[in-house]
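Structures follow.
The same chain A turns up in both complexes below, where it pairs with chain B and then with chain C.
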Partner chain A sequence: MSWEGGRISSYEAAMMIAAIVLPTAVMTLPPGMVGEAVQHAWLSAVVATLCGLGIVALAAAISRSAPGITLIGVTSRHLGAPGRWIVGALYTWWLLHVNALILRSVSEFVVIILLPRTPVVVVAASLTALVLWAVRGGIESVARLATLTLPLVPLSVLLISLLSSQDFDLGRLAPLLPTEGIRPILRGAVAPASFFGEVIIASIAIFPFLNDPKRMLRSGIVGVLMTGVSLVVVLLVSVMVLGPASASADEFSFIRVVRLVSIGEFLQRTEGVFAVFWLFAMLVKLMIWFYATVFTGAEWLGLKTYHPLTIPCAVGTVGLALLLHRNIIEFRAFVATTWTPYAAVFELVIPMLLLLIALGIKKARERGSSMPRVPQMRQAKR
Partner chain B sequence: MALLGFAALMGAFFYYEYARIRRYGGGQREQVAFSVVMLLALLFGSAMILGLPIPNPTDLIEAIFHPVAIKLVPPS
Partner chain C sequence: MGLIKRLFGRGKGPAPPPASRHRPIKGRDLLEQLRNQFAGQDDIRFRDFELGGWGVRAALVYVEGLVDTSRVEEGVTKPLLRWSSEVEAPAPGVARRIDALRTSALPSAQTTVEPGCEEAISAILAGDVVLALEGETRGLSIANRGGQARGVEDAALEVTIRGPRDSFTETLMWNIALIRRRVRDPSLRIGLKKVGRRSRTDVALMYIDGITPPGLIEEIDRRLDAIDIDAVLDTGYIEQLIEDEWYSPFPQHLKTERPDRAVASLLEGRAVLLADTTPMALMMPATLDAFFHSPEDSYDRFWPVNLLRLVRFFASIIGVLAPGLYVSFVAYHPNILPTELALRIHASREGVAFPVVVEAILMQFFLELIKEAGLRLPGPLGQTFGIVGGLILSDIGIRAGLVSEAMVIVVAVTGISTFTSIDRELGTVLRLLGLPIMLSASIFGLYGLIMASLFIGIHLVTLRSYGVPYFAPYVYYDWRDLRDTVFKAPLGSMRRRPSYLRTEDVQRQDSPGERSSLKGPSK
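Now for the complex of A and B:
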């Protein structure tokens, strides 16, 4: 596999890591979380953020064990060609699958909120064409786009929160701490935790290209905390403005909050602006996932570059996005009932096993190098 | 009509990318990998357009992971 050539700064890496989860966290996670943990959903967000921090630390540990090498490269180094074939195939499939799920989710959003008469396939194909164009430009193009567009989402969340503060009903958050145990909070945190776990792809598409590998963990923590804080704010604002029942019933509850913003006669119906900011961030997310997919595929097949896989993978992603689920209700059911253990295999189980193997080999080598060699040489002389 | 348009688009993509791989020094491995994956994408897309029954990977994933998910988070 030839080297990508691109290099990204730690700030760009932090923005990219935030882009992996933040757009989904702000728009699609809150209804499910409020449904489980009601007014304490913000505590579920805190638990999920802690899980995200753990996974980003795992990704950083894997990348630190072999600087400049991706997760598949680490597998190849420790488990040889058979390991690379198995793990490479599994990850290529998983990344392609998640890519298709994200594409379907964002396409449905565009159709529901912005273009109700446009077929999903047209939106999905148009978005994929944009993603394809950027990814063929290399990791640096994606990183620049992330730094340009991603900060708009947390800033707009903050602005919307300030503008809707006149509708806040603090009583809807009461009681602030749970009275019936932490079970609902943990239930509400399960799905978001698996979404936060997606930051594991930093060890495939971000950390190996960092120009200062020492700042790996710091970038990861900044990205995850940015996502976590935004999610907590979105949950608190949604519950305070809409109430737990409405916040859990609506597919895109925060968009409803944005619709309610009304300052005098001149600032109304701002959801279009917010939706466009969010769409930009979602496109960057798609780009990172698509980049990870084709890069992993190329490493798995032992190609010199990922470019030959970009066009067929783009076609496959659009096809899969339409095939996997007939409608958004089926998609929601899949996320609620199957997604968490499926994602955990790729976000936690395989990376953890790889890290343990890498550490075991390192320790065995250290033990081997500290063996007394001089007496052996003397023995040989005799 | 849609199938013809899709096939023509894939043909144009193939011509452009194959020439590009050769121009930038891609080896036989890249050419074979590209051709095979492109053929799979063409077959998959054509089957989708024609509405042929394609096995849905979600069914397999649900069969494997749904029982685990039920144990992890029992339905309330």
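Now for the complex of A and C:
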């Protein structure tokens, strides 16, 4: 059906969808959310999860309307070549940009936690090399890596929560339900909602390759719920252990929770292990995004395979990651202000319009009106 | 990898036509052709005689050493001479002489009419006796293979405590018989092929019709047919020529010298490939997991097996990661270790002249050195050398300040760990992979270790052996396959063959009905 020839199972798809958001959700989102909604941050997480479910349903609806065809494929089916050119270019740029942002944040994390005196460019380049190596093996390799590494993060989050239960201070959660109105909660939900919206790329890099298209929605819901539950747990635990003030102050607040965990005398400094698991998951996330980028780029340019794009795209990603923001403060400012409306265009507006057009065409056809025949996208065999 | 491939590509030119390899053979009849062909080859015997009743000159041609000479005299020469002196009928037409001899003169069960000189020659070289008659272009080959061959002996490489002891030997037909004995199933199929331009080695592909997916057999056949090489001296040649990924460090075929293991994998749905003159069978497709399964695992109850498999599994992880972990902990993250241990290691490194990587490489080199030298020295001497050399070298090395005590422990543990591997080759590969991981860890610390291991990990999940993911069943296919992986479930609960092998017949056992007719004492 597609150039890829790879097929993924619904379980693999669920893990990949979880991998799109979960690593970021666990590590980078909580401080900002606690900063906005204080002890009600977990309610913001619930709101954001609902948004994520909505977006994944949107992605599934688009993919279900044309099984085996990506978002760009659907565009070119309904809007023809000009549509493909415009939407393809926009999405290629957006994906490349997000790729760079993810790469930047992982690299910063690695530099802060593991390699304090190493330049970011070295880390960014080596991570990208690894991603290239994985994407070369096609979507199936990425899917298998996702099933192997992603579950480690939610499992270790649960384990750490159990182990740190001795430090829980339930009083820090009080009052449990919002007293000052719902606005802080919604404000806290804005950033995570835009991150949950990233699951839209399921309709680019995951759903078209599913071996059982009927299970799209199910695996999407499983993936998003996994992410949501992990986020809620992380927020509750960080607030209970650290208190809202320090939970919002630290760059990676959950790492601090992990640092406090110790079992007896010998099992200390578990944060290294957690950091490694998180790095695995983050790399899988990066692979999925990178794959989506090169695949979209190839579709946009009408190439037969995405392989020629991988190396230019990798170079571009590293360059953008380093050049877009001078330092992490600027980076965080961008995420806090510009990111949400920018992302909303690609996560919600364009896909929604596409779906409406697709539904409109379908309806018109059902009425038997004299719509012109929709040109089929040229299918290249692998 | 693409670049490497382009540099050292398979470079398959068009194969020369096979007929041009031998000079044409001159001669009026088979007898003369054989004499011309084998002139000056003194191990080829021509036993000349005359078929008295017919008055036809004939010869038995065979290779001395490949046939059982006394059986040839008893079973071929004697009956032929007796029959021909007694026979009174006139010689039949040239065309029917061979058939007459075959049907009435020779007691041997395995006689074949060879239609021409080429066939007769290859029969002689394979160890048959060929009867050539004057004025006749066809020959009659009589199987009487014998000569010296090693018998079936105890398995030397894959030693187990429980289970059958016999192992494959160099004689293909015996090996096939060892397998056949264990599966009295008519659907056990054996396809024979000749591989190797000059060696013309017999290769047998065995599978069970109805279990092994037919696509697999076609694929193996296709790859075997593509082999065009002078000689196949061991299944190792075939293995290297038909594997999926030439440049992967991981072995992509399972190997065994034990017929019971070969049969077990036949029944799982794999194919088994045997070659003449090789006491090692290849089994395909291979999965990484299967390399950790000893044949004994199937014979013992599952509790002890689980312990042993866990040991083997962790040993291989240690074998790959231990040097890298040690290097990164010592050089970059001493704070991850418990404080006292970190201090002890630091103290033991006091006075060591080299950075920790150099120390590690040096020690690894010592280990390989002792292992290799011990292997080359004959028998008991090798063992003594291993122990004495290892002890002395490491002790003196520590005292001379070349290495630290902790490093000796790390490298020794690495070495011992990789020796637990069922497959010797995989053990060596694991130690080999430890090197780049260690180097990367010495540059980037723990981060480098993770990057290098992920690099290998990505290769592992991408690799396929005959279309089967090498890392199956850990990459999800079917949860039920996990019953025989690092963990083993009770034998009775493993009702299905591994689903990732895509077998035709899935069911291994039916669900047992009443498991016991004995009830507890009723009161």
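We take it that the second predicted complex is superposed on the first by the 366 of 382 C-alpha atoms of A that agree within 3 Å, B and C clash if a C-alpha of one lies under 4 Å from a C-alpha of the other, contacts with A are read in each partner's own complex, and residues count from 1 in each chain.
Here is the rule we use: a contact is a pair of C-beta atoms (placed from the backbone, for glycine too) under 8 Å apart; a residue touches a chain by one contact, two chains touch by 3 or more.
Keep in mind it's a predicted model, so treat the numbers as computed, not measured.
Annotation for the three-chain superposition on chain A: chain B and chain C fit side by side. Within the superposed three-chain model, A:168 lies out of touch with both chain B and chain C [touch as defined at top].
In the superposition on chain A, A:85 makes contact with neither chain B nor chain C.
When both complexes are overlaid on chain A, the residue A:323 reaches chain B alone and has no touch with chain C. Shared-chain residue A:115: touches chain C; no touch with chain B. Contacts of A:141 after superposition: chain C is touched, whereas chain B is not reached. Residue contacts after overlaying the shared chain place A:272 against chain C, while chain B stays out of touching range. Of note, the Cα-centre angle with chain A at its vertex and chain B and chain C at its ends comes out at 80 degrees, rounded to the nearest 10. Smallest inter-chain Cα distance, chain B versus chain C, after superposition on the shared chain: 5 Å.
Of all residues in chain A, only 9, 11-12, 110, 114-115, 118, 123, 126-127, 130, 133-134, 136-138, 140-141, 144-145, 147-148, 265-266, 268-269, 272, 276, 279-280, 283 touch chain C in the complex they form.
Remark: chain B residues 10, 13, 17, 20-21, 24-27, 29-31, 33-34, 37-38, 40-42, 44-45, 48, 54, 56-58, 61-62, 64-66, 68-70, 72-73, 76 touch chain A in the complex. Taken together, the chain A residues at the contact with chain B in this complex read 36, 97, 187, 190, 301-305, 307-309, 311-313, 315-316, 319-320, 322-325, 334, 337-342. Contact residues of chain C toward chain A in the complex are 333, 335-336, 338, 444-447, 450-451, 454-455, 457-459, 461-462, 469, 471, 474-477.
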